[in-house]
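By letter and in written order, the chains are A, B, C and D; residue numbering begins at 1 in each of them.
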């Protein structure tokens, strides 16, 4: 029997519905660089799903590239991006943001989230600082939904961030690498139209949500980033066969697939949370989405690793480690039950 | 009947053999970031095809990204890359090289090629210039095979460039976006082992040569770019589902497919060259590979555009325009014959 | 007797009037970062001399820094700066422009100048190019007065460039490293008010025109570059003791000193031009300002170097070399006459 | 009577001995770009003072420029610089480090210092992190002596940092913007030869220590940064009249002036510390050098500001503020006594 693996949510290929579209259109001839009809069809469906008919929609091949490009293109040279200290752009993008010349201005997180209170305090302190002209000016705000910790912003929390952004004239950008797992979660309050209404830009994650690759950037006001096509080229983000992404997003936004595709992952993660708790392993982070963070005694790590693939998350204390188990759209319930057996 | 199109060599999806691999492995679980067995298998096959067992092989999603990363990572901050003024990095990458801080030092081309004589003259002039310390130091050489004009470096030409690079201690890097069309061309003398032997780094183009996407960088000496994985992440070039590229390159390097995949394109392009010439349209560039550059009177452009998609190449003179007709691995001979009919 | 030297126009310290101001104010306490009264006084005098009361005036320590900052701050990330291929930013700033992420888009010069015709042709070609979205968009125009070749734009030429810039909405920026030598030249038609009226930004060179160091940027509309102070800090261009530059510009703009300080240099250069011509050495460039470019047979270079310091300019042909002899505000007529003796 | 001012240590011009050298050499002709004999003489004296005959010595115009250049030139593209979170590069350089593409990796300070324990813990954590390849690799260590808080590294502390740097092969770079105030301080243990021995590079601050402008970079091994001259040009840091800095450093290193020039500042700061303490104002930071950080009730700030210029440092708590009073080589003891009178 295959070894169990909950190492990540990008272990399989594409959702069958997406793959089928690639297969059945494979030999068609279309223009390059996302100028084809499939990309356009997906744009229309995404605009409809977001209730934002005037939005610009662009496809990029990965999350780090998308974040670097959006941040680099929105900011002026003297500005930085505000993010929680746990944000993906703060820690795990190998300096991609700095590579395009900008500082990540970090704020201590709360449960993986940037709180309105912390953001307000940061901005008030900055604008009251007599030396601020020698500091990096906050020029936009980055959050992710779900967060790096798998937690969710409530509608009230997102609205509160929006109000502060309005007050300080800061574009608000949301990294939605795992957005499908937010949308499929029972606790989630923030819909696609909410995101389109409350954020200046966000991206709908494809790579971790059923696609082979691809993220769809949505900008309420296309003027936020002029010459987007050229910017994509400059960042090395313009795929020749852009339809590869258009076709997949077209499938993801047919029959609301994107709203449902994460449901098996949430069910699997909920079950895993119950399994770990029942087996006496507390959860380090109260995450309601597709990632599970059990605290495991160090002495048991090796035994566990022999039977199931997981990810290291962080040290909990000298004797315990936080692991990450990820479920995805492709997780099979029988594998979750095998995990339950193993932990008994 | 479908309108004829020779607009580019990236209009279709993947070669069926590649698509099949994606389909049959779709639901397998593998580690991310090109750490999977398929990527490793393709690496071994590429090393074997290049007769270079110690080479590093990395997969990246597109040509511009690959060029920007390779040039940015090889050069020191005070160095620039030497290229023909027609080079892709000089003109058509929207400033991607400058975005990573480096100047493209252009030299007039000959038939799309950087000649050894021109390179030597440039380097001699630079090193003899008393003001050179206030100038950008040449730090590496960029060429492409085939060139932007579809022409080919002979083995003697490539060897001559190598000798100059050796003398000036300059890494030589080859952009192989359309490499399969060189390898399939009767006139070609430069093999994969030649490239691995004579260049410090080159990339084997996938996107334009049968893959959905993907370019495979080959570096004779892996130490040329330390921490390649981190550099890929920093440039936004690390795909989560890297196996997507590994599987396709594994198929491309099974049964020498990559050496043959371009043959239909060469046959089609040869036939198109004959067709245009016979129809009284001279060729602006003597290109032996998969691109054809007829000179068309401006008055006929509209009529032609109504029946066949092509690319604008450049103005020839006030009354004529150079067009580009591209063939690919997927070009059907019946379409070429339909073109012959149309031009009669 | 001291060896003759016409190696450059920055061999001496400061004009005595400037040095005196530094000496007499040396122990005064003033605020840092150009927030002092001397800097402000100089700003007012510069605005008056430019007949541009609303201009922003900022001080920077050197020409390359000024060019890199102005270009980097004016351009959007996807834009480049258009310049003559002989421009200082094109050739002799060691990649400072590319270091801030931008391409220099070069156009063949005419006598060191960017002509309106060449600029128009370049822009028309760019905007007509179907592939322009994959190219670097021209975002501003750089010229210098006098040019790198010591030549001058006439008022008509500058006006013609302005009209093209207006048509294409391109900021026009003038590098005035040697501006005093233009203003002191009999042939010159372009006044400081003309520059302020016809350019979006320009800098008044101090370093080569009588100051120890310092360039004064003038921007008709301060909104051209928001947060200029922070941008200066970010580029490492904010001097703690900014008054050092303010005091010197205050002296340079007292009693029209800046308009006259170059006159001895023009007289000396005119005399040198006559001397070389009379001695049978043709001039490679018809420059009316403070630099002289005689063509010298290679066989005489060594003998000449033994008695006078000069700069190498470029090869003329296999047997001749172009040298540069520079005069400055500090050049003594007796030294010029000694040169005449030596060449007899 | 002039209003008292302790706003900064860069309020006056140059120390008279330095100014005199500028005056007496003003009309001499010398080569540009620090290739003159005065710059060379100062280099020899600095090498001697550092007991490091093989060191490279370069002059740059300001601290931020020096830090940005040194960090940008030492690091590889995928590396960041480790610094205390209070470091000047972390907070008050407007993103100059990020502008050259690098992240500042901050570690919580202790009394303004980066401790060996904190550095070791950081590096151990980094190298133990399974995700480190997606993070910015620490590539060098930045500290300042004295620190941003005016505190001093002891010889043992500096040696301990060196040992960790050796273990992890990290260049250690010291920002000496106020180095003269360390060297003049009774508590100081770290000499110039110690710095040259224990650091890979450091700079000897001129601007805040008696010069009009100028910082002298000292690199034990010149190969640490190849093509330094070109790098200076690229960063806009190459002054045409480089002798301006050479002459001043030559004076600063004549008769050990640099070792003594800070003594009046230390005496004045010591007296101010006693004055504030005696007047009932505690000191927020135990700094032994030329900066004094009294805690002042908010209600008294306005009255105080009316009679003496100071700098805002930071909020202490809701009712108190930390101010900074800076002494310099030019501070007069009668001004300090006037302050004592005002605070009675």
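In this section, contacts are C-beta pairs under 8 Å (C-beta built on N, C-alpha and C of every residue); 3 or more make two chains touch, one makes a residue touch a chain.
Please read all numbers here as calculations on a predicted model, not as lab measurements.
Student: What is the minimum number of touch steps required to go from chain B to chain C?
Tutor: Shortest path length, in steps: 1.
Student: Match interface B-C to one of A-D, B-D or A-B, accepting only the pair for which over half of the contact pairs are the same residue numbers.
Tutor: Checking each pair in A-D, B-D or A-B, only one repeats B-C, namely A-D.
Student: Could you give the separation in Å between the centres of chain A and chain D, each centre being the mean of its C-alpha atoms?
Tutor: 42
Student: Averaged over CA atoms, how far is the centre of chain A from the centre of chain C? Could you give it in whole Å?
Tutor: 50
Student: Cα centroid separation between chain C and chain D, in whole Å?
Tutor: Whole-Å distance between the two chain centres: 33.
Student: Which residues belonging to chain A are in contact with no fewer than two other chains?
Tutor: Those would be 77-78, 93-95, 99-101, 133-135, 230-231, 233-234, 238.
Student: In the complex, go through chain B and note every residue touching chain C.
Tutor: Touching chain C: residues 77-78, 80, 91-95, 98-99, 101-104, 130-131, 133-136, 311-312 of chain B.
Student: Would you pull the chain A residues touching chain B in the complex into a rising list?
Tutor: Its residues touching chain B are 2, 5, 7-8, 10-14, 16, 19, 22-23, 25-32, 61-69, 93-96, 99-100, 207-208, 212-213, 230-231, 233-241, 243-244, 330.
Student: Hey, which residues of chain C end up touching chain A in the complex?
Tutor: Checking each residue of chain C against chain A gives 72-73, 76-78, 100-101, 133-135, 137, 226-227, 229-231, 233-234, 238.
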